[in-house]
Amino acid sequence: MGKVARFILRRKGGQGWHWTDIVTWFWLVGGLIIMFGPAIWLVFSSLKTPAALAEFPPSILPYVTQQVTVEGHDKPLMLYNAKMPDGSTRVLAEVRRIGLVAQMVDPKAPAEIVRVNINDRTPVRTMSFATENYTQPFVHFDFLRYLWNSVFVTVVATLITLVVNSMAAFALSKYEFKGRSIAMLVILATLMVPLSVIMVPLYSIISTLGLFNSLWGVILPTVATPTGVFILRQYMLTIPDELIDAARMDKASEWQIYWRIVLPLTAPALAVLAIFSVVWRWNDFLWPLIVLSRRELYTLQVGLSIYSGELNVQWHFILAMTVVTMIPVVLVFIFLQRFITTGIAGTGLK
Amino acid sequence: GDVRIMWYSDGVEGEVMKDLVGRFMKENPGINVILDNVAYSVIKEQLPVQLEAGNGPDIARVTAIKDLSKHWLDLRPLVKDAKYWDDNFGLQADWMRPDGSKQISGFMTQITLTGGYANKTLFDQAGVSIPGPKATWEDWAAASKKVQESQQVPFAMAIDRSGHRITAPLLSYGANYIGEGGKPAPLDKGAKDYLTKFVGWAGDGTVSKDVWVSAAGSTYRAAADDFINGQLVFYYSGSWQVANLATKIGNNFDWVAVGSPCGPAACTGMPGGAALVAVKYTKNPKDVGVVMDWFAQEKIVKEFSERTLFLPGHKGVVDKGGLDFKSDNAQAKTALNVFVESTKTTSEAALKLPGWRWSDTVYAAIVTRIGQTLAGELKIDDAFVRIDADIAQKVKDAGQ
Amino acid sequence: MTTPSLSAILMAPVNAVMRMIDVPLRRLQKATGIGGMAAFFLAPNMLIFGVFVLLPLVINFVYSMTGGTAFFLSERDFIGGQQYSRLFQCQNYLDPMSCQEDAFWTAVGNTFWFVLLQVSLMILTALITALILNRELAARSFWRAVFFFPVLLSPVVVGLIWKWILQRQGLLNFGLYQFGLDPYTWLTDRNWTFAATIGVSLWAHMGFYALIILAGLQAIPKDLYEAAEMDGTKPARVFWRITLPLLAPNLLVVVVLALIKSVQVFDEIYVLTGGGPGTSTLFLTQYIYETGFASALRNPGLAAAASILMGGVLVVLTLIQLGIGKRGENKGKR
Amino acid sequence: MGEIKLTDVKKSFGAVTVLKDINLHIEDGEFVVFVGPSGCGKSTLLRTIAGLEKITGGEIAIDGKRVNDVTAADRGLAMVFQSYALYPHMSVRQNLAFGLENSNMPKAEITERINEAARMLEIEAYMDRRPGQLSGGQRQRVAIGRAIVRRPTAFLLDEPLSNLDAELRVSTRAELAALHVRLGSTMIYVTHDQVEAMTLAHRIVVMRAGTIEQVGTPLELYNKPANRFVAGFIGAPHMNFLKADVVAVSAGVVTLAFAGGYRGELQIGQAKLHVGEKVTVGVRPQHLIVSDDPQHPTVKIYLVEALGSETVVHGDLGGEKVLAVLPGQQRLNAGDTVRFDLSKPVLHVFDDNGLRLFTHPGQEG
Amino acid sequence: MGEIKLTDVKKSFGAVTVLKDINLHIEDGEFVVFVGPSGCGKSTLLRTIAGLEKITGGEIAIDGKRVNDVTAADRGLAMVFQSYALYPHMSVRQNLAFGLENSNMPKAEITERINEAARMLEIEAYMDRRPGQLSGGQRQRVAIGRAIVRRPTAFLLDEPLSNLDAELRVSTRAELAALHVRLGSTMIYVTHDQVEAMTLAHRIVVMRAGTIEQVGTPLELYNKPANRFVAGFIGAPHMNFLKADVVAVSAGVVTLAFAGGYRGELQIGQAKLHVGEKVTVGVRPQHLIVSDDPQHPTVKIYLVEALGSETVVHGDLGGEKVLAVLPGQQRLNAGDTVRFDLSKPVLHVFDDNGLRLFTHPGQEG
């Protein structure tokens, strides 16, 4: 245990608390509360009934009023703690409410009706998970199909993104050629306009190319992300050119240099981009919504969106499905972040 | 062949529809109906683009029915019995066809009607009696204010942030949006009167301004949550809230639907709704006709309404009455019936607006500017000027 | 010991493919020289990019010169710079309410302050987070996940969570109430709401930038830190003099992206505040979105014009940053 | 001020053990040189002293204070890295100034120290260049400069002159020696260069595979190597080793039979040997003298290297390789046969385990 | 196969001119060594030959074909970088294999070549380590290995042995020489090590500040340096230079007056000198012999360096620094005064511009 604690509380240097250690722990604990707290709350909320979701004061955990079946009543009755006129409290089941007065019975003695002012009773609550938030959508929608579409879009788009962007980044970081800065600039310039703005022109292009209602129509416009090129290019700038020189001396073709030298050395940035790409493509919503209007092509996010109506949004389903759809990306993140480890680029050089 | 229906849901209607589609296909083996459930935003934002490009589904459930009417298919030659359609859906037929045409574009899957809800328990606790059917907006304001003060809830009244919602009291105050040649008229006295009153109520805390200031532009916001949590005495929204309130309030308190309060001119709510329409660009008009016919059957409409807790848009169904809404919540059933009743008192002016092409423009301008006024960014008089200017600009933009 | 062999097995077919690709490419290289290869590497990206990003952008520009409500260019009439002049029609340029498109100028003003505050805070917090996550922590991947987590959420969910936290009947007020403090209507107070938009967008995107910085930090050769340590350098100075300059190329990414994304902030804010109270958190993208799509009578031309203006400003800002970054870039070179 | 004491210092990288129980006491102000074959752990030892590597066992004390847990920054040493580790984003001047600025030294003094170092290392012309714009030797000089401007209590120098040309190497070596005298700081110096080791060191530490083989003054190691390894390692070209059998032992004198039939008599001193024992005899190439005496063993030459000032002859003596360094430029060619006089030179005799038994003083002592 | 011809090659980095009109013809199979002071442009010249730097003027031809615009990969050379430039993400084995895989060599042959190189460089034990886990010398050996497995038409080696210990350096040097013989490839070799230059080179190219000072065989340069720079650069420790005045000239003999009053007579050969001219006389430290003759100039010793096999004496001769390398271990101390015989050694006489006028053959030739 001591060892574990020492490991967890490992500090700079060894002895004493350096101020950076204090900042670190302050930040980590703060991060845990602020960054992660809402997430946990999200998970709990996804297990609440719509009524509990709308409730104030909100509860952290999903609670519902406890119910009992009482002899002589077909339906289960709600349990309340009722304050009696003599100041004692009893656990009673509510039979019905008439105006301000609730008619209640003791579940153990169901014959006698007790009248209680509605303000003198508080519900007996127990934790209960509204698992139907999860199960219902699975029944409603073709979850496996949507999942497959999502996975297909995400995987294919991410792979193409990684390859295509890293190739461009390689050219833009390791070659001197005319128009290099222009190319870089154009790429950056297109970052400037949000998708919602170019949606209509893009839509007409997609239609023209016959990519409407095709998963490729979702994939292709996203794979040339300027962001990816930019991230990779800037990272590649930090790889020493001498390694490329060495590879050229080793008769490596430019393709081999790209594939065998530059890409592995860019692993941390590639991992970052892969994570981003997966997250983006997985969560993509607006664009697939435009391109895909057929149920069999829906991705999870599009499928999920059907719970947003005109006048009403069924948040309990959306939250539950959000939690479900998040699991794969969290796993992907955990897997990929391992590649963001100590860069190796420097150590081959004197 | 294939018939695709683009459908959005506010509640369970997607499920009901799926069920019905299954039934349809059993009865009509040759036609494969595919129900594409989408988000409402797709209907609102993407569908128009698709339609302009000549894409789109074969049938769609839409709300901007007038705006897009040039894309709808004329079903008149395709349906079995056009007269049945005219008789039962004629009242709203104008809402969904280009001005001046006689086309049958589709039918309303649901009629909505704005109206108020009162927290009966709060009234009871405060010992204030709920104003009667002929009560005015002022009466309601006074009564709910009393309840609010006695029960220490944050707000007395709230109206959804929506031009459509607020138009109901405006009409009751005698406002008329439609000017010469069907173009928007400048805000008239009736409109200004109510808006001034409304802003005043917001100022003295009678009306919750939270929901109105909580967005910019014409964004829709509902104040239902406050009502659900018992924080609100009187809530003006619409019939579609019934199911929502029923599930979320449960038996926390008693509530009632009270129809629309009165103004000097009328006691009207605003109708609205969503229509199921056929799209011109279908490759399969014959089958589309069959599908539409099937869904427009009286018994199907009735079943659909009962299961979804929607007000039917079918004259026969309404007139025959006896709708048995499928809810185990007695308050909900009562409320729905109140709304069904009040469809009958809807004013002429109110019935015209859904079929008027500029109504959304007016709504948007009012919401935008009144929202700003409540947030303290505009004075009410400036707001009126701006509203008129905004509308005029839009009309100009549209090239008319 | 099994991992490398496993990955070797996985990589074998990929490597084989790459070797096959290499054969024609070598010939290409012979024919075109290294310069030609640069074009080759750039081509796929540029092709996709040109068709799906650049072309729409150009079309968008044309849009901004047209009027009407139709979506497709073919049905729109050319009106030249009218949309632009409309945006610029003001009586008094200091008062947005005096402009014809008062919402546009309000949005411009809001966006300006938002960007200024959000970007600087973003860089600061992302940098601190990355530095901390770069330390030798126990359960490092857990901590990384903690800070990255919000990035995984869709903007709508982000907006929603925070709305539920901040609204009048939200978690925060409940917490205050538990501590005996008065609840406050955070989201109807303009200053608080503005702060909330900044806070929430920080919350939602900080992990994104922290991750980029983290990768950049890992690329700094360790021996330089050793050298600095031998030079008796204090941690703060190591940061300013070693880490920061060597991070420059990657930091540039963060600064540029943070700026661009911040100007384009939309989804989560839209859900959270809808631009309110009043118009105090109405930002440019929302204005564009509403003008172009959501409003009753959309005006795509005006939206396009506004977006072109916004893009123009961003291009200029980015160029300035690149200019500054260029120096840093050269610095970082070994 | 700069006394360093290592007690049972161990270091492993995972399964690889690099340092095994190093014990070493370096006095304040001493100039110690580490030598040893490539990969024997010299750099690692330096880095553990610097505090850049956490040791896996033992104790390091500086000035009597245990510093195992003291960070490198707080140990107050300066180091020249084998890989230079220059700050790539700083000019040469900034590289030099960096360490000084850390200690809030007045500007004027910083400038002065930098200029002095620059002059000494002949890098004045490149002060505003970045390391990336320098040649290998120039970088190395900057690395040296960065350490010396600091004037710490102890210097750790890892092959600091390896990439310098002969001239510069000699002058820099001299400057380092002078600096050592002037500052009185302890210096720990790793080198592969015999001349550097011999001329600079107070004491040389000979390492092999993570252990210390011998510690002593240069001439001690040269003249009295503890074992065959040290004997072979100190002196360039390395000592020749010839196998021999003890054929006769008499009072103070032993007769050895070498491969190829030559027999020699050696003064045994106090050492004990028995007839039939096998020994190895070491003789330095510089000590071999060409002879005409037919009694002397013949060597078949297979390679002659003319260095100008001397000639290195590679030959074969009864199946064993022998090197001889002959003065000046000799007229010898591969294929020639010469005889070497084995009776005159100093001969080191090692036993089976490589330990030195005794040294035959030779005729020129 | 490996003939390399440089014509008027120029190279500048921005404003810095690094190579000025380099003309050099390297024959196929030749072993050429570049020497020169640190920063004189050796590495740059190597890199231009490799094709890694675009030259700013002139022409490079390989086997008679102009290659100015041929990429490095297509020139078919192999290089050992001064900074190693190992692929940090690959194991040693992969580093070695990379170049071979690029030319689609069968697996079996790759393995064989790698194993051979590993054996030769004694890096077999580290084949699965990454460069980051190796010592400096081990890395350098991997860098050498990466070049030699390739067996190219020409090798470019930039100070390949600088971080190896003496023993390994000698053996690797020998292996390189053997490799050169075996493969017959051209080798261009940069070094700061005199011994390497002298033993390996067919021809040595002496560079200074971007120009070539002299090209010739090792002994040519040693015995007949074209100028003072070359004379000083070849040979370690460097040649002593003494200023002298011509006081008399007669047939074939010149009399020089040195600082400190010593006068010497030198055989002038064909050269012409005038009375009153100032010359510089160079004498190698190894040629100085201690003498008792009171006629010989006295030298005040200020530093004695005992290298074991020889002793380096630093002294002052009439205000000028002199170095002498004396054989064996001498009993001299700083402060002593000795006399050196200047009449016997080979003396090089240089004119005012540093050009060698003639060489006095000395008595031992």
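Think of it as A, B, C, D and E in the order they're written, each chain with its own count starting at 1.
The definition used in the following text is that a residue touches a chain if its C-beta (ideal position, glycine included) is under 8 Å from a C-beta of that chain, and two chains touch if they have at least 3 such contacts.
Since the structure is predicted, the reported quantities are computational estimates derived from the model, not experimental observations.
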Least step count from chain A to chain E, where 1 means the two chains touch: 1
Chain at the geometric heart of the assembly (C-alpha centres): C
Pair joined by the larger number of C-beta contacts - B-C, C-D: B-C
Rounded Å distance between chain B and chain E, as computed from the means of their C-alpha atoms: 94
For chain A paired with chain D, centre-to-centre distance based on mean C-alpha positions, whole Å: 61
Averaged-CA centre spacing for the pair chain E and chain C, given as whole angstrom: 57
Chain A and chain B: spacing of chain centres that average the CA atoms, whole Å: 34
Chain C, residues touching no fewer than two other chains: 29, 34, 71-72, 169, 221, 223-224, 246, 293, 332-334
Sequence positions of chain E contacting 2 or more other chains: 71, 82-83, 136
Interface hub residues of chain A, defined as touching at least two other chains: 12, 56, 199-200, 204, 240, 242, 253, 256, 345-347, 349-350
Interfacial residue positions of chain D with respect to chain E in the complex: 13, 16, 35-39, 42-44, 82-83, 133-138, 140-141, 158-159, 162-170, 192-195, 198-199, 218-219, 222-223, 232-238, 284, 286-287, 305-310, 312, 325, 327-329, 364
Chain B - residues contacting chain C, complex: 44-45, 48-49, 52-53, 154, 209-210, 213-219, 221, 225-226, 229, 231, 360-361, 363-364, 368, 371-372, 374-378, 393-394, 397-399
Footprint of chain E on chain A - complex, ascending: 240, 242-243, 245-253, 256, 260-261, 264-265, 267, 344-350
Chain B to chain A touching residues, read off their complex: 4, 6, 8-11, 14-15, 18, 34-44, 46, 49-50, 53, 55-57, 63, 121, 124-125, 222, 225, 228-229, 231, 238, 240-241, 244, 247-251, 254, 274
Touching residues (chain side chain E, partner chain A) in the complex: 47, 50-52, 71-73, 76-79, 81-89, 98-99, 102-103, 130-132, 136, 139, 146-147, 150
